[in-house]
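Here chain A shows up in two complexes: once beside chain B, once beside chain C.
Then we have the complex of A and B:
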């Protein structure tokens, strides 16, 4: 009797589930963040995953396993450097993804050409409360008074510190906090002392061409002086002012004084830091969780790890930030149930914003930021105010080529010994040319 | 390459036909057209039309995603004039061609001379040297990035063993381009070698026998018989190399992304970035026109130099 009851219940459940899956759709998700199917392919609980790649992989798995509509998300990953070229190509080939990740700095290119689905009404229908987004995030996701993206994080530049090495150099205060420089002069002075005491580089930072970490640092330094690299309306470049020159000169000095190895690429810089060969790595919020896990796990020489804001070296606190967002690329041929599934997936991602903020990214939801579990995450006390000092590049098209133009000219400062003024002049003329194109009113 | 008199050999006797001459001629024309048509169709659709479309686009503000913003005259070309990245890319490309084409031709010729002839070892070597050409650019660059890596590479331990510090080849503005040249040589030497082998195989044996009877030294045999006999192949190889190497893209794009400090960004990469990253297809087309003219000039120069010898 008991068994037949159980069977009946099972049959009922099956019927219900199958019934619920009538409007089920299979949707395409396109993203960067890497591929870690080997490690997380079978993890269905996002809270068990670590790092950007692990958490987003587990989030998709969890959605596929638990969503009420029976929708399935299939993932197409692309390498960071090629991602936007591939996404662009899908608009030509017709294989447009239903959901795609996008940086807020890149969104103007797509919005101005009407390539994204407006999400305001869809969010309202799905119950996504845009008022819960912190103002900077909502602004990032909006254009022309319309929301075009689900903001997922704010990511800023941070100083990641090897406390043991800093202690060896005498830079740890009595209360256990790390002493950080407050001016460029002090920075260089401390760097020299550090290298004398430890025999290691003071700074590890990606210095080749792929990431342009120093461009982000440069932007931060210019903002700290109350200036900007681009005019706020995004129509002209401001790379030949005294603020830009001071920042560029300081960055070149870091290399000239031997405080950083100019030969390091992104993995090389991470390796140097994790191997205990550098006091500070300049990298983003996205690695906090991963560095923390590695330091605690004892798998790397780095043991005592702390993340802090980029210190105010040239005036007020300010730091470069961008935002990862999810968009629904416009596709006239998309079936209504696919759009429904896409919105359901975005809702799921928004509901699990806390899981994503475990990466180290700053949450975009005020309710998450205020939650006790967010405050309990490691290192968040040091970077609790990062979203307040975060600055984003002004909204303008072709940010990627602006970024790359500055990056190429900057690299010449430490790789071929170009003078800061010459590098800035060259960058200025390049960026002006790009902006002239971007602002043709298209 | 050139129309030699033999190519237009005239039959000694006109074939006798009853049909009037002009009809025959028309029939010949039709046959000729019929034979030419498949090629002409492909040529027109895939080469002539895109070329002129490219020229037309280069005078417009054409956006990859936003469509055509209209005629802008020579604005794209004026922008090129002041675009430092473009000139850097042009310089890098010329530097790459100057490094690659002569060394590729020389190495291919030397290899061909070494492995030409009978013998199992030579046959094996022929296949081995040609083998690298079958790999895709992705595989080749991956292998060479590993070989050149300063921490995990093949070269680094040797340098360390000899007491030196390993060079970060791909991270150095001085060494990145030569490293890409070496990669390209390793990858691309197979085809020109095969062309040289074919040319060497078609030199009449009698010439060498005659030289042997005259007790000619190996050097003068090479200089007076081998080299003149393969002259046309040599020109062909050089022209193919110029045309091919001007279009270098995959190796620097995958190995250095154009860096460090812009030292390996080539024209095709910059055209690609302009057109597909920045969506400025019109501007990209203008750059492509410059590349086209450059390639044509150098190939013509090469052909002209080759023809000088024929007239003598």
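Then we have the complex of A and C:
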């Protein structure tokens, strides 16, 4: 009798164990951010990693080492520029990833083709509280009243400042804070004073069309005036109205007055800023920690660095932001346990959102933003409300094409001297053509 | 008078040589710059990319590359695809080129025009149907899928046809008198004569296959099937061109080394091939 009880217990244990193993799944993760297996391949604690690549690598390692279901995440990396072509191709080639990273600006292209799994009910089951997401992030992750992605960050445009140069120009207040302009006129005036006092450019910004930093700045300025460049329903553009003209005229003036070098590409703008050749660089949240580390390291002329919001130059506070998000691409052949494992991984990423915010990106979770550990990160106090003022472009298909069209017309303003109205009219016409195609399903 | 003319000619040659060397140096400068950057630390390059001398010097960018477990696999994939594609292109182009040069068959002119028209169709125009066709066959993520779209090369057929046309007919007639079959003539006489043309076509095909990016990107979507170009790109971080410039340049040098070696070994044929395709 005793022996049979022992056998029954053994059988039950075996059944439970094998049952658990049967639920274990391999999750294919596709992402950009690079491959840093050499540096972080054996780091299982995300708090010990740095940088986008390092932190996501360590997060995956940590999940693989600690998750209760015995799931394994296998990572496939792709180059950022080619990433979406590769991801799209997988729907034909057959190896659709279980989880993939996606920019919010690209998500409408995939939602409109029904290529993403709706996540609302799955999040509810998994206990992911969407109410904790800041409004801009939730908007980015949603389409047609459904949540299609786990927002992971908001990456907004910021002003990164060389405080020593600003002090030299007399733009540092008694309390040590930097005085920033509050209107386009003041911006230009301060820029001239700055250049006279320091002999350096007031602004460094990528101006050679790879990133389109000035398009992001332009969008921010239009939003600040209470207007928008694309209608909320994504059917029409408003690129040549009075607000857009005011913003474009101001941007052209920055170059015309010699306050920024129009010949700088992205690395050139960074080099100018790090080498103390510019007071402010207009760049995103993603460089906060990198600039901070270099300034603290003492290896670059930039010594005293702060990051702040893009100031309200044309009215209310508003700034361009995009989001990195995680999606579950639709795959009819995916087994239920694989989908469950994918959701478990998303839950883990959401639980560790703070670690990702150490990259410099803004957390999408209000609870993380309000936490003392987030406030303790360098410069985050200055940008704690950025998530609130962040604005996303409407969820329209072909946003990359729209962005590129505006970018090429904008560059003409400072590279060939095109007039703002002419550049805007051209951009309007190009964007309307793209929207027409998108709205008729082309 | 003759001595004076030869003196001018000598100086003319020297001037031409000097200009050629100068232009060659100008062409080489970006390459030297790339190599120099690949030997500098990334942090230094984020501040300045200036200078052709790699100081401070590091081999870390190359070491990181070689430590990646996936790199050998990508190299093997590239090698299989490049060698396989080269062999197939040589077979198809030489057979088709010989047929157009020497054989008479119905609709020869129309077929030739159709073949040459292929030169005018950009690759992008057939990209989607090609991709969907391969998907319906279920052959994406295979070496065959990476090779097949590039096997029919109109310029290769044209090059071989031009070469075969230049071979004296008497050689074939002599073989025919000895009762050699058409294939024997092709195999035993024409092919051995066309080694320079085949070498040139083979080298250009190999280089094209090795450097190809777009088709491998969307066909070989499984990381194990990445070719070296797609694989090396996949390891770059989002802002690699500022934060990891040295690594990017090391990848570029690493990926182009086989091609450079190939060029150094076979440059005589490449130059002859360019002259042949331009002059005929």
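Here is the rule we use: the second predicted complex is superposed on the first by the 416 of 442 C-alpha atoms of A that agree within 3 Å, B and C clash if a C-alpha of one lies under 4 Å from a C-alpha of the other, contacts with A are read in each partner's own complex, and residues count from 1 in each chain.
Criterion: contacts are C-beta pairs under 8 Å (C-beta built on N, C-alpha and C of every residue); 3 or more make two chains touch, one makes a residue touch a chain.
This is a predicted model, so every value here is computed, not measured.
On the superposed chain A, the positions of chain B and chain C overlap enough to count as a clash.
By the touch criterion stated above, A:384 is placed in contact with neither chain B nor chain C.
Of the two partner chains, chain B is the only one that A:109 touches; chain C does not reach it.
In the overlay built on the shared chain, the residue A:408 is in contact with chain B alone; chain C does not reach it.
In the superposed model, A:267 makes contact with chain C only, not with chain B. Contact with both chain B and chain C is seen for A:85 once the two complexes are overlaid on the shared chain.
Of the two partner chains placed by superposition, A:183 touches none, neither chain B nor chain C.
After overlaying the two complexes on the shared chain, residue contacts for A:430 are found with chain B alone; chain C is out of touch. Contacts of A:275 after superposition on the shared chain: chain C is touched, whereas chain B is not. Clashing C-alpha atoms with chain C appear in a single stretch of chain B, chosen from 63-71, 171-179 or 189-197: 189-197. Comparing the two interfaces of chain A, the one with chain B and the one with chain C have residues 85, 88-89 in common. Considering their complex, residues 32-38, 51-53, 76-80, 82, 85-86, 88-90, 92-95, 266-267, 270-271, 274-275, 286-287, 290, 294, 299-300 of chain A touch chain C.
Every residue of chain A that touches chain B in the complex is listed here, in rising order: 81, 84-85, 88-89, 91, 109-110, 112-113, 115, 208-210, 262-263, 265, 268, 398, 400-401, 404-405, 408-409, 411-412, 415-416, 418, 426, 429-430, 433-434, 437, 440, 442. The touching residues of chain C, counted against chain A in their complex, run 43, 46-49, 64, 67-69, 131-132, 135, 138, 140-141, 213, 217-219, 221-223, 230, 233-245. Across the interface of their complex, chain A is touched by residues 61, 63-66, 69, 79, 82-85, 150-151, 168, 171-173, 256-263, 265, 273, 276-280, 283 of chain B.
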